[in-house]
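Residue numbering begins at 1 within each chain, and the chains themselves are lettered A, B and C in the order written.
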Amino acid sequence: MALKSKLLLVALLLSVLFLSVYVASATQDPELKQCRHQCKHQQGLDSKQREQCEQGCDKYIKQKREEEKHRRSEGGGGGGGSFYPISETGREQEEEKEFQGRQQEDQNPYFFEDEHFETRVQTEEGRFQLLQKFTERSDLLRAIENYRIGFLDTKPHAFVAPSHFDADTVLFVFQGRPTVTIVRGEKRESHNLERGDLFRIPAGTPVYMVNRDENEKLFIVEFMKPVSVPGEYEAFYAAGGENPESFFKAFSPQVLQAALKTEMNKLERLFGQQRQGSITRASEEQIKKLSQQHGQGGGSEGFWPFHGGQSSSDALNLFSKHPSQANKFGHLFEADFNDFKQLQDLDLLVSFANITQGAMVGPYFNSRATKISFVLDGEGYFEMACPYVSSTGRQEQQPQQRQKSSPRYQKISGNLRRGAVFVAPAGHPVTAIASRNSNLQIICFEVNAHDNIRVPLAGKKNVVSQFDREAKELAFNVPAREVDRIFNNQDDEFFFEGPNEQPEHGRAYA
Amino acid sequence: MALKSKLLLVALLLSVLFLSVYVASATQDPELKQCRHQCKHQQGLDSKQREQCEQGCDKYIKQKREEEKHRRSEGGGGGGGSFYPISETGREQEEEKEFQGRQQEDQNPYFFEDEHFETRVQTEEGRFQLLQKFTERSDLLRAIENYRIGFLDTKPHAFVAPSHFDADTVLFVFQGRPTVTIVRGEKRESHNLERGDLFRIPAGTPVYMVNRDENEKLFIVEFMKPVSVPGEYEAFYAAGGENPESFFKAFSPQVLQAALKTEMNKLERLFGQQRQGSITRASEEQIKKLSQQHGQGGGSEGFWPFHGGQSSSDALNLFSKHPSQANKFGHLFEADFNDFKQLQDLDLLVSFANITQGAMVGPYFNSRATKISFVLDGEGYFEMACPYVSSTGRQEQQPQQRQKSSPRYQKISGNLRRGAVFVAPAGHPVTAIASRNSNLQIICFEVNAHDNIRVPLAGKKNVVSQFDREAKELAFNVPAREVDRIFNNQDDEFFFEGPNEQPEHGRAYA
Amino acid sequence: MALKSKLLLVALLLSVLFLSVYVASATQDPELKQCRHQCKHQQGLDSKQREQCEQGCDKYIKQKREEEKHRRSEGGGGGGGSFYPISETGREQEEEKEFQGRQQEDQNPYFFEDEHFETRVQTEEGRFQLLQKFTERSDLLRAIENYRIGFLDTKPHAFVAPSHFDADTVLFVFQGRPTVTIVRGEKRESHNLERGDLFRIPAGTPVYMVNRDENEKLFIVEFMKPVSVPGEYEAFYAAGGENPESFFKAFSPQVLQAALKTEMNKLERLFGQQRQGSITRASEEQIKKLSQQHGQGGGSEGFWPFHGGQSSSDALNLFSKHPSQANKFGHLFEADFNDFKQLQDLDLLVSFANITQGAMVGPYFNSRATKISFVLDGEGYFEMACPYVSSTGRQEQQPQQRQKSSPRYQKISGNLRRGAVFVAPAGHPVTAIASRNSNLQIICFEVNAHDNIRVPLAGKKNVVSQFDREAKELAFNVPAREVDRIFNNQDDEFFFEGPNEQPEHGRAYA
């Protein structure tokens, strides 16, 4: 009997071990990725169902892998272990790369691409894309669980139907010339926004929007903080018919008739005509009327098109600011709480980085803020040092090892192009590099921004140079002058000349 | 082998699909409801055990349903899909209703009735009922996870034993005349409260209470914000014997003897006499003494019964306020932060709505606040538009469909009577209708109240009327004058004449 | 068929019941404890894996226990039920104790010992120990989920390598004389701290430290509030080589070369020399240099060793304060927000209690704050009354019973010695008793401290004495003078003479 239970214990511990190994290796499978992706994105599932769904994926892939086990051996543990790996060649290298590519998602919960966006609205005239909830990707992103990122992308002269959201929203206009109209209490305010404008829409504020530019597409990035269901976000359309459906249609006919003092047949007519979706096309005449600013706080009156080149007084134009960092390798524009008080209660800073082609920013880290970066234009890659993931995915070293050693830092990286999103949590050293072909333009949302300090790790003012001479010696175990010789070489600040060659032919996740 | 794994994948996806369908349909079973209810209310279970318990319910019901499958076909998908459903007749309609009735709980996590309250105290003289934790009902209520609602219901002259709670508490006196005594530091304060009084008891404050009215029952609604275990709430009785047990009895005899410098046999006597429970009956003489106000901040001294008609200076009487909305269809009394600073750090507003019989309030929505409404008197129903639940329960439309369409709004509703609770999250349009027989009286707790705006959807100042003419046209796809013709019909504000007939014979959850 | 489903329901309910009983009894098994401990401390597991791991443990132990069932009967339900249990004798008592000892962990999620600490750094010269995450132990500690406790323990003249943490940190120096150097923006500040000093290091601030005392060990207790991953904490070493690894090594060689404008071979040399770990030994000369204070805000300039006896102006020395409570039985030193504004945004108070040998503190409770106590020296035990756990572990009484009765309070207790940690949530009455051999010295971190009031339950100013005469009568059901006779006996305040004999020979968890 006792023997049997001993055996059971052994079996249990073996299975825990196996589980670890298995989960690590399973992360490499694109089919599993696909399967889990579907589980994650099936909106209606509650957390338990989601979990069961994912467990199903795991079981499936486990079975499959066991079948395959005879055919191939499980390749080595990823590049993170050795600092300057001897460059592999030929077929072996290719395989290694493919292997790493497959591993990327689970090793890298800080990086998001097209496939991580959900299409919330799509019509002939435009679409709204919403990034998945951060904690759907990884528990490591719990600190930003209640924030969402999305973007709106429309044709010229597109009209976005009236709605309110259950989230505080901050807009950044990257392209196009939107006129945003909001209704606050009994006041309607129209804001003619321009490229570079930041604008806040408080939660629950009815809003509609038109791209008054007749040639340029509209591209707006949105940062949202939900107020109704933490981390979840919905639009409520007051107007509309069949598409979008008006929320009025959820009420009983009897109730609606009484509330609006109107007979049902008239209501049916009203709430049935809109069939084109929530992004439609406005006529030139309509746009002209809609973009006549009215009801704004500021005293500057005037009629379109005379305000065409002038931003709304309730918006902040990031590009009109003096850059806080600027040299030939890049420019950084930052809006702090003094510039734009409307971000204060969100504890949010917004900045725009334009990294010159072939140049780089950082490495640096934020002392308190977690930074969510959305790539607006250009190409490049980022790299980040992270102690929370290891070279074999989410799993750390074995605890025995862990318990006696300092942390190990895994390289987190990803190729950047328009629409890519990456997250740098507080304390995590990070750098971004522009390709040699185009400037890399990034809009950054920093949450938990109050009292945040950006700590440079290279260039002028880098933190290592500021250590005491004795601390340098003790920390590096070399003479302090050797430390200085290296950390004083770079005399630019924040933006630097980039690497001559990109690591491993531009693939960052070595 | 590869074939086998393909088959497995298919099986997996099928089972996910099945799971979805099954969970949706399973929500209809009262036995399952009962079973899950027991799992939820079995206080001592941790979240894992609770989950296992509920999974057990699911398995059971799944098996059962499979057995029944041959005998009956699964009726249609609920009424939410069609706006003006053709009225069913005869047996079919009856069945449909029963079906909807059974579905109600899972479709409607925003509505609570008697069965969702737990009896925390029950004696001859009164009882305290606590509403279940909101997230026990649904994850959709995460935003109010850390708030609890309860009510105290006692006979005339009842005494509620001294205790402190690990929660900030706000009382609303609906009936009876309680004298509430609290001990703050070395100061004892008695407050003679009246019908309509709001009063705050900070967390950890020792408190006791007597209903000084000799004829009227006491009915107090309590809003609580736990400080010790988020979302959990307990009373700590200092005094007491066997019932309530004093927390002193948890300490070792040796420790207690030393702390109180008293021999054990005396302590045993002291902590053994109270056997009647924590709500007992006080004599007229005792009540007279207890309701002599002492130690209050205000300068107004005086002795019972001379303060009988006058409220405590630390309380706010909602009914003494000028109503913020008033017409023949109803009255709204609101306490904001200026009236009652003690609600400010709780970010809470309290309001009292009295809807005239046959009248209605709204529809409107709150821009930021989530509103918890407790029905004090009368009958009626509420309706709310919700994008987070669909007509088949918690599940949304299929993701394929979801990804290309605007949100759909499901009607959430419930029949209101004393003790019913409903929750309207931020942004959700909501209305409440009084029956033709009696006024509907509701006390409302709005959390996340700072900067909240109430946005009217009908009547004077409704938000649709305020859209630009062009926005109306584009949004509804009809001439703007048609929109105006409808949205300008109702010229009352906030409270309106109700519907002539109630939807589906008073059953609101069509 | 229907019969079959009835049977299934019965089976289900039985299994729920069995589950309850089983989980309660399983908590007694040290093997299970060990097994679950391993699951908890295996850092890399995500929450799902961790759960699976623990479920595995449960299954194993279940099987094992079933095997053992024939051999022994399950002893009684723990002492919590009876107030003054008749003292057991002989073998039976021994067994009872062993039984209770095994039960302790799950019955007592508020108490932590050596085994609950993880070694994060260990070198020849010192170590850093981190207490497990509170919610890893129990969901009941959710209110302090995002705080961590650790301690640093080094030899004389030890140097702690430069790093930054993703957590706000508050240090308390109990032993040794550390010089702490932080880099804020472009300013380096050194702080010569002394025994009794409190010092705050903001999240993300690069810091290093040396114990400038040549004879005394360094013992520092750290309170941390993570900012990057809630509840998780990591150090980021900028300097270092192989041990600690520098986070610079996570970047691609190409990126690093460009950022530091330095060739790879030089970088390899720099980042490869440190092999001794992050706590090393400094020379006397190095310490002399490191402890020359520079760059401090205060105007007091001077050079070591002239500042030897004087604390940093940015630190607060707890022992230099007038004690807020003092008599021959103990002293309490408290730092409030006025003394040390740096604790205000953490909503934290820190206090130091020195309980004279043979004396006790309390019982009392905190109205809002949850108190985390770390024992620095001496021996003793604590007792606390808790309504959230029952005598059979986490499980409450059966719900039927629960629903009609007042709460029952379980004694929570544990033996205190250096390194023990106990948590007293808001509202929970608690007391601590020093052994007869040595003073008991405790450093306490109180979170949610704003507006907190400490409510005494014995001695001068105890809360029961302050009840109205009538309330005493009604609450205890004895004449008020009997209540007074007992609650006025103890005329000391806060610290009292301890019990003559310790309960059950010093074992507190009866």
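Everything below uses one rule, namely that a residue touches a chain if its C-beta (ideal position, glycine included) is under 8 Å from a C-beta of that chain, and two chains touch if they have at least 3 such contacts.
In this text, all values refer to a predicted model and were calculated from it rather than measured experimentally.
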{"item": "Copies chain A and chain B touch via same or different residues, half shared test", "value": "different"}
{"item": "Cα superposition of chain B on its sequence copy chain C - rotation in ° rounded to nearest 5", "value": "120"}
{"item": "Inter-chain centre distance, chain A versus chain B - centres from mean C-alpha coordinates, in Å", "value": "36"}
{"item": "Multi-partner residues of chain B (each touching 2 or more other chains)", "value": "none"}
{"item": "Residues on chain C engaged by chain B in the complex (per definition of touch)", "value": "1-2, 4-5, 8-9, 12, 15-16, 19-20, 23, 51, 54-55, 80, 83-84, 139-140, 142-143, 360, 362-363, 365-368, 370, 383-388, 390, 394-397, 399, 402-411, 413, 425-429, 431, 433, 448, 451-453, 455, 457-459, 461, 463-464, 466-478, 482-483, 485-487, 489-490, 496-504, 508, 510"}
{"item": "Residues of chain C defined as touching chain A within the complex", "value": "31, 35, 38-39, 41-49, 52-53, 56-57, 59-60, 63-64, 67-68, 118-122, 159, 161-162, 164-166, 181, 183-186, 188, 190, 202-206, 208, 227-230, 232, 234-241, 243-245, 247-255, 257-262, 264, 266-271, 273-278, 280, 282, 286, 289-290"}
